[in-house]
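Across the two complexes that follow, chain A remains constant while its partner is chain B and subsequently chain C.
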Partner chain A sequence: MLFVELIVKGLVYGCMYAMMAVGLTLVYGLLRILHIAHAGVFALGAYMVVTVANATGSLAAGFLVALVVSALAGMAIYRLAYQPILGHPPFVPMVVSIGLFIVMQEAFRMIFGAYGIAFDTNPWYVATISPGGITFNYVEIAMVIASVVLLLGFGLFAGLTRAGIAWRATVTDPQMATSFGVDPVRVRYLNFMFGSALAGIAGGLVGLLNNYVEPTMGGLVSYKALAIIVLGGLGSVRGTLIASLILGVVESFGTIYLADVFDRDAIGFLFLIVVLMVRPQGLLGRK
Partner chain B sequence: MQKKFIAAAAMAGILFAGSASAQIKIGFHAPQSGPAAADGKSSTIGAEIARDWINEKGGVNGQKIELVIYDDQNKPDQSVPIANKLIGQDKVVAAVSGSYSGPTHAAATVFQNAHIPYISAYGVHPDITKEGNWAFRGVQLGQPQGKGAAKFIADKFGKTAKVAMITMNNDFGQSIADGFKEEAPKLGLTIVKEYTFGLGERQFGPIVASVKADAPDVIYAIGYYFVGGPLVAQVRSGGLKQPIVAAQAFDSMKLMEIAKDAAEGIYIVGGMDRGRTTPADFQPFLAEFKKRAGYDAEAVAANCYSSVMLMADAMKRAGSTDPAKVREALAATKNFPMLTGPLGYFNSVGELYSPLEVTQVKNGQFVGVTVIDDQSILAPPK
Partner chain C sequence: MSAYIASLVSVIGINMILALGLNIISGFCGQVSLGHAAFYGIGAYTAAYLCKLGVPLPLTLLAGTIMAGAIGIVVGLTSLRVRDDFLAVTTMGIGFVFLGFVRKQKWLGGELGISGIPGSGLDPVVYAGLILLFAAAVIVFSLWLKRSWMGFTFDAVADDEDAARTVGVNVSTYKLTAFGIGTALAGLAGGLYIYFARIILPDTFDFVQSIAILTMVVIGGTGSVWGVVAATIGLTLLPEVSRAAADYRLLIFGAMLMLVMRFSPGGLAGLATMLKRRKAAPKEVP
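And then the complex of A and B:
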C-alpha cells in the first residue's frame, strides 16, 4: 500500500515539475539559453495568485491575473534581457538569466515583504478525498488536472495548428523555417508567452499546495527543473515530461528509503548523474 | 584635484564624526536580504527596541548605546569581513549576532581573536562558543532542547510512547534531534523512525504516507515554521490524528497563517507563552514590536532584544566598556530576565542555563502548558 501511495504522490509532484520544466526546455530548444529566471516567473505567478485572491476573495481571478502577468513577464524578459544579447556565446545569456533571477527574488522580497504570504482562505488545501485509500487534497488533484489539460492542449496546438507547426519547424531548423516565411521573432514571443504562463500557473498551484508564497520559492524548483531538462535530453519536450514524472517518483521513494544517506534534493541529482553516465544525451535527447 | 580634496575632506569628516561621538558602539549583524531576510528583519527590530529603551532610560554608565548594523545575507563569507569592519573601522566594544549559525560561527572566530565579547542571540550550532571564551549564547543549545522534548513527551504521553521523528537536516535540526535521540531511550520512549528533509522542502506527501504506516503515538517535528506550516497541514490532511510536538522554531504567528486549523493543538517545546506577564518588559515588548514591524513578534526578535539588553547589563555591572571587563561581567551573569525565560547562569564555555517553556496552539495563540526546569536534563553541555 505504501508502495503504491509513494508512486502516486511522486507522480503528483512530477506533474508540478513538468509544468515548470516544459517552459524551460522550450526556451532551450529554441534559443539554446538556460533560462534560470523562469523560476522567477514561477514565483511571480504565485504572488499574483495570492495577492489577487486575498484582495478579491476569488481564486479564479487570481489565476487569471497570474496567467496574463506571467505571460507578459516572460515576453518582457525575452525582449529586454535576451534579445539584445542573442549573438553572444551561451554563457552570456545564462549569466544574465541568473542575475535576473536574483533581482526578481529580491524584488519580491522588497515589494511583498521578506515573510511569505499565506492565503486568507484556502479551502482546497484541507479538503481531501481518498480514492482507494490514498488521500489527496484538492490542490493535488487540481495540479494533476491542470498539468494534463494544459500540456495536452499544448501538444494539440503544436501538432495541429499552423502556428504550432511553424513553432516546431523553427525549433528544428530556424534558418529553413525562416526561408519558408515563418517569423522567428513571433515564434520566440509565443514560446516565452506559453512557457511563462505555464510556470505562473504552476507557481500559483504550488503556492496553494504549501498555502505559502515566499520570495525564494523559485530557488528549489529552478535547479530541479534544470536537472529535469538535462535528464530529458535538452530541448526535448517529451523527454522533459517523462523525466519530470520519473524524478517525482524517484524523490518520493528516496525521501523514505534513502534519506539517511542523501538529502531528497541530492537524490534527484544522483539519479541524473547515473542516467547521464549511461545515456549522455539524456533520456530522449539526440546525439 | 578638487575631487580628491573633497574625498579627503569627507573621509576626515567621517573619521572625526566617528571619534567625536561619546557613544558605546555595539556591533550587530543579521541577514537583511536573501532567503533568511525575514528572521533578519525581526531580529534587527528586536535589537533596535532594546537599544531605544536602554537609551530612553539614560543609556549605560551615562553614555548612549549605538548599534552598528550590517547585513550578512546569512553568509559566512559576509560575516567575516563585517566582523573585521566592526572591530577595525567601527571600533565596537561588543557585538551581537542576530543571524543563523553559519555566519555567527564564522564571525565568532574573528571576535575571539580580537577579544571582543560576542553573543549569538539565537544561532544554535554548538561550535559557535567553542572558539574560546569571548562568545556567549543567548539561547539554549539544540541538545538540551531535544532532551527537554523527550521529557515532555514521556511525561505527557506516557513512558512507552512510540515517536516518529521528522527532522530538518541542517545543524539546527540535527543538534535537537541528537539530544532527543540521546534522552528518549533513557526515558523508555521508542523512536519508530526518523525522517529527514531539507530547508527548501514543502511537499511531505511521501513522509506522511510512511508515517501513517508506522502508526506512532506521537509525531515529533523539528524544523522552521515555514517548513512546519506545510508539514503539519499535510500531516492532518493526510488523515493523521496523532499529537504533534514541535521544536522551538515553529514559534511564529506565521505558523497559524500557513497551517490554519491544522496548527491547533500542536505543542512547542521551547516556545514562548504570549500570555505571560513576566518579565515586566515582555508585554510592552510584544506591543512595541507589533507597532514597529506590523506583525507579531517571534522568539528570534525576543532573543535579539534580550541579548542586547544582556550586553548592556554586563557593561553596567562592569562599570566600564572595556571588553575584558564586559566579558567577565557577562560570564558572571546570574538570573538575568530574558524575554524567553530567566537566564540562570552561563557555564564555562558561555552556554546558558534556562528553563524550557512548552506552549500549545489554542485558538490560534501560543498558550503556556508547562515549564521544564530540570538541571539534570537541561544543563548546557560543555
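And then the complex of A and C:
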C-alpha cells in the first residue's frame, strides 16, 4: 500500500513540477535562455492569489488576478530583460536571469514582508477525500486537474490553431518561419505569456498547499524545474512532462528510503546527475 | 589595525580567493559553475572536522584544499559529458547535493553545523595578515597562470572547444585541471574561514553564496584578474559603507548583475578597456 501511495503522491508533485517546467522549456526551446527568473513569476502568482483571496474572500478571483498578472509579468520580463541581450552568448542571459530573480525575490520581501502570508481561510486545504484508501486534500486534486487541463489545452493550441502552428514553426526553424510571414516577436510574447501564466497558477496552488506564501518560495521549485528540463532534454516538451512525473516519484521514494543520507531537495539533483552521466543529452534530447 | 578592520580584511581575503578560484574555472577555461560554494563548504567541513580532532592549522588547510580539489576534479568529469546550460544546471545541482548530504549527517553536526572550533592561536590581526598573504599569492598565481602556456590553452578551450580539440589540445585534461585548481582554492578559502568564524553552518555554503561569488567574478569581468580583485573588494565593502546597502545587499547584487550584463558584459574590466580605447581613438583618426 505504501508503494502505491508513494507513486500516487509523487505523481501529484510531478504535476506541479510540470506546470513550472513547461514554461522553462518553452523559453529554452525558443530563445536558448535558462530562465531562472521563472521562480519570481511563480512567487508573484502565489502572492497575487493570497492577497486577492484574503481581501475579497474569493479564491477564484485570486487565481484570475494571478493568471493575468503573471502573464503580463512574463511579457514584461521578455521585453525589458531578455530582448536587449538576445545576441549575446548563453552565459549573459543566464546571469541576467539570476540577477532578475534576486531582484524580484527582494522586491517581494520589501512589499509583502519577510515572514510570509497565510490564507485567512483555506477550505481546499482542510477538505479531503480518500479514494482507494489514499488521502488527498482538495488542493492536491486541484493541482492535478489544473495541470492536466492547462497542458492539454496548450497541446491542442499548439497542434490545431494557426498561432500554435506558427509557434511550433518558430521553435523548429526561426528563420524559415520568419520568411513565411510569422512574426517571431509575437511568438516570443505568446511564449512568455503562456509559460508565465502556468507558473503563476502553479505558485498559487503551492501557496494553498503549504497554506503559506513567502518571498523565497519560488527558489527550490524552479531549481528543480531547471533540473527537470535538463533531464527531459532541453527544449523538449514531451521529455519535460515525463521527467516531471519521474522526478516527483523519485523524490517521494527518496524521502522514505534515503532519509538518513540526503534531504528531499538533494535527491532530485542526485538523480539528475546520475542520469546525465549516462545520457548527457537528457532523457528525450537529441545530440 | 582594530579587530573590526581585521575581520573586514579577513572576509575580503577569503572572498578574493573564492572569486579568483571561480575565475579560473569560468573565466579562464570558460566552464560555467553555479556550485562554487559547495567546494568552499567541503574545505570548511574537512578543516573543521580535523581541527576538532586536534590536527594543527597547516595540515587542516592542506586537507581542506586537497579534499575540495579532489572532489572538484570528480565534478569536473561532468563537464566532459555536458556543456554550457547542461553544465550550469549540473553544477547548481552539486551545490544542493552537498547541502542535502551535510544537513543529514549527524557526525557533521546536521543542521547545526560544527561549532566550538578552536582558534588559530594567532592574534586576529596576524591571522588577517595570513589570509591576505594567501590572497596575494592567489593573485600572483592567477596572473602567472593567465600568461602561461596553460593559460593560453584554457583560452582556446573557452573560446572554441571543438577547434581546440582539432589542433591537438587535450581538452578533457585542461578542463579537469581548471576544475581541480579552482575548487582547491575554494577549499583553501573554506579552511581559512573556519579559524576566523569558529563556527560553520550548512547554510553558509548555499546557492546564494555561489551566486554571490559569481557576482564578484561577473561584475569584475570574467577572466580578468584585477577586475575580479576590484569587484571583490568593492562588493565586500559595500554593505559596510552604508546601512542602506547592507539592508538591500542582495537587491543591489541582483540589479548590478542585470545592469552590468546589459551594458558591459565584460564587467569592470571590459568597461576599463572600452574607456581606454575611446580615449585612444581620437589619435587614430587622422
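To be clear about the criterion, the second predicted complex is superposed on the first by the 287 of 287 C-alpha atoms of A that agree within 3 Å, B and C clash if a C-alpha of one lies under 4 Å from a C-alpha of the other, contacts with A are read in each partner's own complex, and residues count from 1 in each chain.
FYI, contacts are C-beta pairs under 8 Å (C-beta built on N, C-alpha and C of every residue); 3 or more make two chains touch, one makes a residue touch a chain.
If you're wondering where the values come from, they're calculated on a predicted model, not measured in any experiment.
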item	value
Chain C versus chain B on the shared chain A, clash or fit after superposition	clash
First, second, both or neither for A:Val261, with chain B first and chain C second	second
Which superposed partner A:Trp167 touches (first chain B, second chain C, both, neither)	neither
Partner chain(s) touched by A:Phe194 [first = chain B, second = chain C, both, neither]	neither
Which of chain B and chain C A:Glu106 touches, first, second, both or neither	both
Touching partner for A:Tyr17 - first (chain B), second (chain C), both, neither	neither
Touching partner for A:Tyr47 - first (chain B), second (chain C), both, neither	neither
Touching partner for A:Pro90 - first (chain B), second (chain C), both, neither	second
Footprint overlap on chain A, where chain B in one structure and chain C in the other make contact	106, 219, 259-260, 263-265
Residue ranges of chain B in contact with chain A within the complex	33, 35, 37-38, 40-41, 169, 194-198, 200-203, 205-207, 209-210, 213, 226, 229-230, 233-234, 236-239, 254, 257-262, 295
Of all residues in chain A, those that touch chain B in their complex	1-2, 5-6, 9-10, 12-13, 106, 109, 113-116, 118, 122, 125-126, 128, 130, 134-135, 137, 140, 206, 209-212, 214-217, 219-220, 251-253, 255-256, 259-260, 263-265
Chain C contact footprint on chain A (complex, rising order)	28, 32, 34, 81, 84-85, 88, 90-96, 98-103, 105-107, 110, 219, 223, 226-227, 230, 234, 259-270, 272-273, 276-277, 280, 282
Partner chain A, residues of chain C touching it in the complex	32, 78, 81-82, 84-86, 88-90, 92-94, 96-97, 99-101, 103-104, 207, 211, 214, 218, 222, 248, 250-251, 253-258, 261-262, 265
